[in-house]
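Pasting the structures in now, so scroll down.
Two complexes come next, and they have one chain in common, chain A, joined by chain B in the first and chain C in the second.
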Partner chain A sequence: MKAPAVDYVRPGSLAEAIDLLAKSQDEARVIAGGQSLVAMMNLRVAVPRLLIDIARLPELTAVADDTEAVTLGACVTHAAIEDARIADPSRGLMPKVASGLAYRAIRNRGTIGGSLALSDPAAEWPGVLTALDAEAMLCGPTGRRSLKCAEFTTGIFETRLGPDEIVESIRIRKLSPEARWGYVKLCRKSGEFASALAVVVCDRALGYWRVVLGAANGAPLVLESASRVVSEGAMGQLQEAVRDDLDRAADRHFDEFQLNLHTVVAMRAAQQALS
Partner chain B sequence: MPNDAYGVGASLLRKEDNRHLHGRGQFVADVKLPGTVDVAFVRSPHAHARIRSISVPPEARGHVFTAVDLPRVTPIRVVSHSTGAKSPPWPPLATDKVRYVGEAIAACVAPSRGEAEDLAAAVTVDFEVLEPVIDPVRDMRGSRHPVHEHWGDNLYIEHALQAGDVGAAARAAEVTLTREFRMQRQSGAPLECRGVLAYRDHRLDEVVLYASTQTPHTLRVALGEILGLEERRIRVVAPDVGGGFGPKARLYPEEIILAALALELDRPVRWIEDRGEHLLATAHTRDHHYKATVYADRQGRILGLDAEIVVDAGAYGLWPQGPYHEAGMVARALPGPYMIPNYRARHYTVATNKTPLGPYRGVGRPGACFVVERLVDEIARAVGREPNEVRTLNLVRPEQMPFTTISGMRLDSGDYGASVKLCAELLDLPAIRARQLQGEPDRRLLGIGFAAFAEQTAHGAAEFAARGASIIPGFESCTARVLSDGSVVLMVGIQSHGQGLETVLSQVAAEELGIDPACISVRHGDTESTAFGFGTFASRSMVMSGGAVARASRMLRDKLCRIGAHLLQCEVAQAHCADGMVVGPRGAVPIAEIAKVAHLRMDGLPQGVDPLLDATATYEPAISTGVFSYATHGAVVAVDADTGFIELLDYAVAEDCGTMVNPMLVEGQIRGGVVQGIGTALFEEIPYDEGGQPLAGTLADYLMPGAAEMPAIKIGHLHTPTPHTEYGMKGMGEGGAVAPPAAIANAVRDALFSVGAEVNETPLTPRRIMAAIRKAGEAHVRT
Partner chain C sequence: MSEAGGNAGAAHNQASSAVRLTAIRIRLNGSAVADDVPPRLSLADFLRERRNLTGTHLGCEHGVCGACTVLVDGEPARSCLMLACACDEREVETIEGFAGDPVIDALRRTFHQHHALQCGYCTPAMLITARDLILRQRAGSAREIRDGLAGNICRCTGYTNIVTAIAEAARELRRGAANAQ
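Right, the complex of A and B next:
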């Protein structure tokens, strides 16, 4: 299928982009890499009248590296992360994630902010950014606000991003040198969306432990009990803890196959992080 | 005269590669004509519904065409001579009823495809939704709303086949195994979807149709019938075609409608199928249900096989062969390359509210091979032997050739057991067995499995007549022409869409004429320039078209030698063609010189020899029931029993297709087929929900094998030229896709043997693997 006719504009600044978006009365969509949006337009699932291209805005492609954190502009591409062309706060986790995300042609254009803003439940970044306790900076007509990524995504393709807001950047706290992580993505073909995905981050120096599931029929799922068990290093109790967490997520309606898959990836990611 | 550098047997690089590697191929969508308008179809969103009315908004009138707007178009009608076969008429644009999601209802014409889709979205159809027929096993005898109301039931055809005495086999059996098998519905999914460009040529008083098809000549036959046009007024061109695999060897509503629109509008109209449409509107494939019982003695010797086969054929039969051949092929291929003395098969071809089923690489045989090879492995497990021992015990032996199987397939030649042995060597079976005892460091379960088959190829008139076909693809044609400068053009009735036939047919002519293939052009796919032929499908083009090229080339060779002998002042019998010349005992004359005489200087012709170097020949193999290629495939897998994910670690093919005209292209065909077979085994599936909605609408849902998942495929060759064809070649285009589901399922079963799980349904998804493991666990708890 082909998209219906659409207007296209490339604003010169973030402020101009926000202004255009605010004036469009829900008829505009922001486009960055376009790797999901254009396909959705061709399928006529998304039918915007106006595309506001933010991919080259300098505010959104900048990377700031300070002592505590790295702030990635929303339009930093997956490929830039994969190639470690920019500072990596995650001690290798983010380049590893990027390298298995779709395929190279998509990674060359697709952006981390776009992935977060769309929040496809099977996508990698929402879960990984949640596991890294990252914060999203959102910019709208009335100014900026920041939101933990763990709170940003609320459901399947659902977020707290306002209709006139744009994800400006993502601030990721630097892991300490002794931090460990585990990342397991199960998919039937390389480059596919995940059937199951788990991220485990353990940083004793920061007193931070988190186990997160992606591809979880909704927003990334933080496994609280499992995170606690990991912090205690009590691996013997991990499986039970994961099961408890999954039981509490009854609203996700996991079937037996999915429950097993989520449990397996969470266990494997934890083993990776703690081995 | 045989020339090792470029004749039969040379691994010549493909002529086609130059244009394709430079992006200079010409596919339908590359053909640009001024004033072309694009077409989008309004398609049914319902599996089964009556059409109460179609309403077109005023601003779209004149740009939207329904059945009533194109009165010249008559329904597609398949004629079958099989007893009891039912054949529903299929209006190319739905009139009173729609019978599958995706059925075309109206054609919308606009300057661009996007605008045509805007028009399609503006058309509203008032439907009365009916209960769909989705389950062929449950609904074959009838349903609340049969797919074709006046039938009463939902059966296109049912048939029983019996030979020997299955009851006696059952009484004598020491091992009796009954299993259900399932091969899910797939798409052919070529790289290039279908496409049509049609326009009127007033100078020649014809309608020209560019179509991405495997069968331009029979497409013209169909268009003539359905549009009521003389064939002289229709030209069909299949330009570069980006893969066909069978689905493009059928007539489709879009081809008819585009031709009718070109006549109606008198301007070029084109329709380029997108992937979503392809997954809905181009023939689906496979979709078999089986219940089979096998009887064996305690050595594992098969005594009898009893099978029920249900094929879910969808809403209509595709022209020309209808829906009948899939189940019939399964029933006849099921005994495979084995000596099975007693056999019974009942097969049912069922109409459902799904996309019509069509041929796809292997037609029926991947399912048949899957069933019989899984059963061979289960017999081996039951009698406690290595599967390949039981396989070899039952295979037809070389000294028995020719051997007619219990289902009437006449296996012509070969050493089937040798292919099993070679395949096991290629995978180093003993090493894998040893490694299995060690266990994998990552705790995954290792398995190895094999599957053997014999594949009917290049079957001709007798075979298709026996199937009740009304169009019988029994021959191929070639016009071979030497031009005045000695260069050669071969005009053939087949259509090459990735096979490299431009290369291999040149090699055949080179073999006969002693002319470098670089000086030979092959024209195909155009009804204007080629004599009638059936096209490319059923592993037939190398044997049939190659045979026709050989014959036509020999006719030219004889004439070249007559003229050459005259110029050389020798006897005709003393002259032969080699290295671009006619060579006599005392000298040689270039073919270019002879060609000049034949065209421009006829005063040099010997008496009684006409000018021109132009010959047309047809060819059908000496045996019309097909020549049988055969192979054994083997797979090594690692199965993660915690997740159900499978990794294919190794794959091997040991095959025999007789004489190979171009071994490199043979291996390319095998690899391509194997990859598609891996798709059947592990990835590809179009499920339908209860309401008849297909659940794989994009390539994100319809998974296809990718390069990263493919092991390097090892290939070993055996060589048994058949006595029945030119040079002893056998067809081999489909075979690669036949055995992978069986070999991979046997390997997965081997891996899961320790947990007691069996896998009898493709694709082998993680979910199905986990279900099998769970079922085995439950059975274990019960016992």
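Right, the complex of A and C next:
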């Protein structure tokens, strides 16, 4: 189908974009890559009155690289991450993730900030950014605030982003040279949305270990017991720990098949990280 | 605010339901083109209906089939998921625009030789996608080519001949490059 009638503006600065958004509230949506929003408009599940095009705002395409972290502007594309055209704080994890996310034509336009803002439960970035303990910087009419990505997504397409806020950037702490990661996405065809997704990050130098599941019927699911077992390197106890974590997540209503998929991806990702 | 973007200065008028036209200037297949478009118009419909460039095909209109793939600023993009107004000040190339391009020439030849199309609906986007795979050196093996074509659906061929044709074109071009050195 075709998108419904809509107005369009392309502001020249982030401040102008925030102002436009605050003035029109529910009527307006920001558009970054449009790779989800235009599809939703074509399907008529999104019917905004005004599109505020933020894709080219210099504040949102900037990348800052300091000693501790890399800060990616929200409008950095999946393809730029895939090609490592920008600094990579994750020692190869993020390029690997990007290379299997959707298809190249979509990666060329789709953005990391758009992906996080939308928080599709089957999307990669919310889970991967949670595993990397990243922080999102949100900008609204009253100023800025930062939020851990682990707290940003609250459910299926649900986040703590206010209606008048824009994701400005994402700050990702650099992994140390000792860090190891594992990443497994299960899908039937390359580039499809995941049916199961696991990310494991272990960084002994930072004293940091985290096992996270995506495509988990809600926000990314941090597996606490599994993270502890991985930190101890006790692979023999891993499967039981993953099952315990999944049992505790009763509110996700996983069926047997999903439980099996999640266990398999978590185990494989942990093995990758620890091997 | 870029000049050609046109309408950020005029505040959005919530009372009016009339949608403003947006002025765009794009470089289309090498030529400068200017138009006033309704913002909801997709790049695909702009190309097909306003420029009569009907080599860009529409299958699903939500990003899945790949039939509408064109180049935007030199990179493959879904023209069904891009608004024409968002292409202002960008470069767009469609299958009609590759005259003399050595990679497309090689691909056209090998698609012909290997019978890599039947109805031809997917073909323009297959060529544009394959060109990008070759240029990014992602056409080294059948497996890599299949991976790179995951976002382009062909309902006729079963893909085998398409993969063969792309592998052959990639080989030809590599040989050509090696001989030139």
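One rule holds in what follows: the second predicted complex is superposed on the first by the 275 of 275 C-alpha atoms of A that agree within 3 Å, B and C clash if a C-alpha of one lies under 4 Å from a C-alpha of the other, contacts with A are read in each partner's own complex, and residues count from 1 in each chain.
Throughout what follows, a contact is a pair of C-beta atoms (placed from the backbone, for glycine too) under 8 Å apart; a residue touches a chain by one contact, two chains touch by 3 or more.
Model, not experiment: these values are computed from the prediction.
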Legend entry - Contacts of A:250 with chain B and chain C, given as first, second, both or neither: neither
Inset, instruction - State whether chain B or chain C is in contact with more residues of chain A in the superposed arrangement. - result: C
Inset, instruction - State whether A:106 touches chain B only (first), chain C only (second), both chains, or neither. - result: second
Inset, instruction - Have a look at where A:5 lands relative to chain B and chain C in the superposition and call it first, second, both or neither. - result: both
Inset, instruction - For A:264, decide between first (touching chain B), second (touching chain C), both and neither. - result: first
Inset, instruction - Please indicate which partner A:193 is in contact with in the superposed arrangement: first for chain B, second for chain C, both, or neither. - result: first
Inset, instruction - Quick one: classify A:43 as touching chain B (first), chain C (second), both or neither. - result: both
Legend entry - Shared chain A contacts, counted only where both chain B and chain C touch the same residue: 1-5, 43, 189-192
Legend entry - chain C residues within the chain A interface of the complex: 1-2, 5, 7-8, 11-12, 14, 19-20, 22, 38-40, 42, 45, 61-63, 66, 69, 72, 75-78, 80-83, 85-86, 88, 129, 132, 146-148, 150-152
Legend entry - Of chain A, residues touching chain B in the complex: 1-5, 43-44, 186, 188-193, 195-196, 256-257, 260-261, 264
Legend entry - chain C-facing residues of chain A, complex: 1-12, 16, 20, 23-24, 27-28, 31, 34-35, 38-39, 41-43, 49-51, 53, 55, 79, 102-106, 108-109, 189-192
Legend entry - Partner chain A, residues of chain B touching it in the complex: 112-115, 117-118, 121, 274, 276, 642-645, 682-683, 698, 700, 703, 705-706, 708-709, 765-767, 770-771, 774
